[in-house]
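Structure incoming, see below.
So that you can tell them apart, the chains are marked A, B and C in the order they are listed, and the count of residues begins at 1 in each.
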Amino acid sequence: MDLVFSLLINGLATGMLIFLLAAGLTLIFGLMDVLNFAHGGLFIWGAYTGVWFYQMSDSFLLAIMVSIITGLLLGLITEKLIVRPVYGNHIQQILITLGFMLVLQELIKVVFGPDQKAVFPPGWLQGSFMVGDIVIIKYRLFIIVLGFLVFFLIFFILKRTRIGLIVRAGVIDKEMIQSLGINIRFVFMLVFMVGAAMAALSGMLHAPYSGVIYAEMGLEFSILAFIVVVIGGMGSFTGSLFAALLVGLAQAFMAYYFPALSLAVNMLLMATVLIFRPQGLFRVKG
Amino acid sequence: MMKSNLLKLQQVEAYIGQFHILYDITFEVPKGEVTVLLGRNGAGKTTTLRTVMGLNPASKGSITFKEQEISSLKPHMIANRGIGYVPEDQGIFGDLTVGENIRVAMKKEDQVTTKRMEWALELFPDLKKFWNKPGGQLSGGQKQMLAIARAYVNENELLLIDEPSKGLAPIIVEKVMESIQQMKERTTILLVEQNFLMASRIGDQFYIIDDGQTVHDGQMGELKEDKVLMKKYLGIS
Amino acid sequence: MNLRSIERSTWIYIAIALLLFIVPFIVTGRSMQFILIQIFIFGIFAMSYDLLLGFTGIISFGHVMFFGIGAYSTAISLDRFDSTIPALLLGVVLALVIAAIVSFIVGILTLRLKSHFYAMLTLALAGLFLVAAEKWRSLSGGNDGFTFRLPELIRDSQSQYFLCLVSLIFIFFGLRRLTKSPFGKVLMSIRENEQRTESLGYTVLHYKVIASVVSGVIASFAGVLYIISLRFVNTSVFATDLTIDVLLMTIIGGVGTLIGPIIGAGLVEFAHHWLSGLSDVHWIFERWIILYGTVYILVVIFFPLGIVGTIQAKLFGRTVTKGLKDNKSKVS
């Protein structure tokens, strides 16, 4: 019983990290039909800059802020330099973001060195506590709580603010929202930056969770995020949360029982969705 | 006396992809009147409206609104100059409620805008009734009304309305046309309409578009008499 | 149709091919011959990519998996059985069959959806193959890989040179024939406007899946030649670095031209050789992906026609290939 519970916690924590990465992807895609293959690059840059600051200052919370700022800035740069010049051309856009992903990944090695780095959670998040018979690891709980907070924050913004209303309308019909006098590109830039910040936050939180960071983990982890985006429905924010938790749980349980098959199971999950419900579990457009 | 022209197109050309759709569109929309664009399916009427809106930019020619060139502006800038647009498919945000559909269009929530919104809701009481219903669940006629109300709430001086009668039952068409007639008192309208009867009732003047060119124009009253013209370009006998 | 210009270009290609047959007797240096072999192999790989990207408008980010399938099938077959020609042939057959099956499944699953799906699924699948190769040590030798012996016939560098050159020539003319055939015309019209092609009565999905399978099989064959030239295989045949290589080769040479990707392969391979020489000078040259990635990004933005596409545009005064421009206009 406590094994199942501990796997559950594990899966939710992994799912939350994937959600933070996938939510940005799905919103960016929904709004502008841009599938950002460089998203994993924002993830590792968030992780490395955050960890760098964390090891220098010993303040974990400030380090999280640093990673978010990195995400916002890199998001701005990516949007202006990479996505905007080939705006409106899907082929060029897809091609160019993958190129930028690899450049970001290699730049990590240049700036921070090519070797893996070990990272530990801060003292106050180390260890575990007991609820009845069940051991709960503090840091995992922290990720889950923070993930939900971010989800509700974004959810609130989408539902209750004017900018959120514009984003939701823009996901449904870009032309119409422009015809109502709204500069969709500016809105898109903001969404891109927020999405990038979430990716960076995901990377930073992932670092002490996996205990080690390395440049290639961005691409590896973003593959999970892509799977989530397909399963949840491209453009659906809520869908990305559900799909991420699903994938996270599948990952955790498979990793325990059939470790060799964990990625394969998620691919299978995605293939099933593609066959029976290619628009994803949560459809947005239409 | 010279009528003041709100919108003026001169020798406008436009492409969709590599296809040359508009060759020579020239017309004027006088302030306070309803100007109707007529023509067969595929003649380029919808593209003309999209081109005015900047959604399908003109490759040549000039488009002036209130005597300022707008042909090179982005759609949102054109909208902000004071043009409201009701597309052929109404462009309702299906997952958003009726209220949200209207709110997203309101740039300000000041007195003027609120007054205009209240007036629009009086004109279309259904919208008030279904305020919290998702726009996608409205009937065709209600969607059309929502789209028109949405284009109206901002202080737009010109409304572009694309085939408001399309796919609606005759009795609903009647209602929609009535409301457009009432709007006419307050704003200028450029209307694309296939339903000739309706067009002739609310239109002041007309232009006929054929194969991407404006080929004829005149007062709506004259057109009704001109059987030859109607047969040639509109297929009505 | 300008028949004379086609004939002339065919003669030029045949002349170049004949010249290349003499080269190994003049250039006897092993390292130079090795570079040429690599160019031929990657020329084949890049052409297979061009069939997808340039002719059909499909973006794959996992093309490397077919390359890897070819490499491992052959290497494992040669390793498990003996280093004979039958074992090699068995490996090649395995390579082509597996690649055909995988590309068929991926195509059927995603090619009816938006182009993003194919790019994404192929990237994910290639990741899966990489992980599988790392984990399934008993079969793949994991990260360290393994070496194996080649059949007598293709052991020396010169016979490998001819093998790869002949393959390149056959595949080049084969693909050229294919793309100029009615089938190829349909592919190009899919690239130009998918809906219109569909409305003309073509089942677009069938054509796209066939293109995907042909491309996957050829890429797999390139993988076969690649490990023959190395006599060694490890997980790097599934690495994303190779994907960026082949993307760069195809795009810099000119998509939709077939000859462009071969020229691109030449440029990239020489650049590899030159840059690895420079790594003694400064460590930054070891991180050549930064350079490649940056060049790649700039090419995509500013030079979307590529070398051959640009020359053609200049010579004929019109765009022969559309390059990376997608002109799927939104008609609503």
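Everything that follows uses one rule, which is that a contact is a pair of C-beta atoms (placed from the backbone, for glycine too) under 8 Å apart; a residue touches a chain by one contact, two chains touch by 3 or more.
In UniProt terms, the chains line up like this: A, C = Branched-chain amino acid ABC transporter permease.
All values derive from a computational prediction rather than experimental measurement.
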Chain nearest the overall Cα centroid: A
Pair with more cross-chain C-beta pairs in contact, given A-C and A-B: A-C
Distance between chain centroids, defined by C-alpha means - chain B, chain C (Å): 52
Interchain centroid distance [CA atoms averaged], chain A/chain C, Å: 32
Chain A-chain B separation of Cα centroids, rounded to whole Å: 42
Residues of chain C whose C-beta touches two or more other chains: 328
Residue ranges of chain A touching chain C (in the complex, touch as defined): 29, 33, 35, 37, 82, 85-86, 89-92, 94-96, 98-100, 102-103, 105-107, 109-110, 219-220, 223, 226-227, 229-230, 234, 260, 263-264, 267, 270-271, 274-275, 278
Of all residues in chain B, those that touch chain A in their complex: 53, 55, 74-76, 79-80, 85, 87, 91, 93-96, 100-101, 103-105, 107, 136, 150, 154
Of all residues in chain C, those that touch chain A in their complex: 53, 57, 59, 61, 109-110, 112-113, 115-117, 119-121, 123-125, 127-128, 131, 135-136, 240-241, 243-244, 247, 251, 284, 287, 289-290, 293-294, 296-297, 300-301, 304, 324-326, 328
Partner chain B, residues of chain A touching it in the complex: 162, 165-166, 168-169, 172-173, 175-184, 284, 286
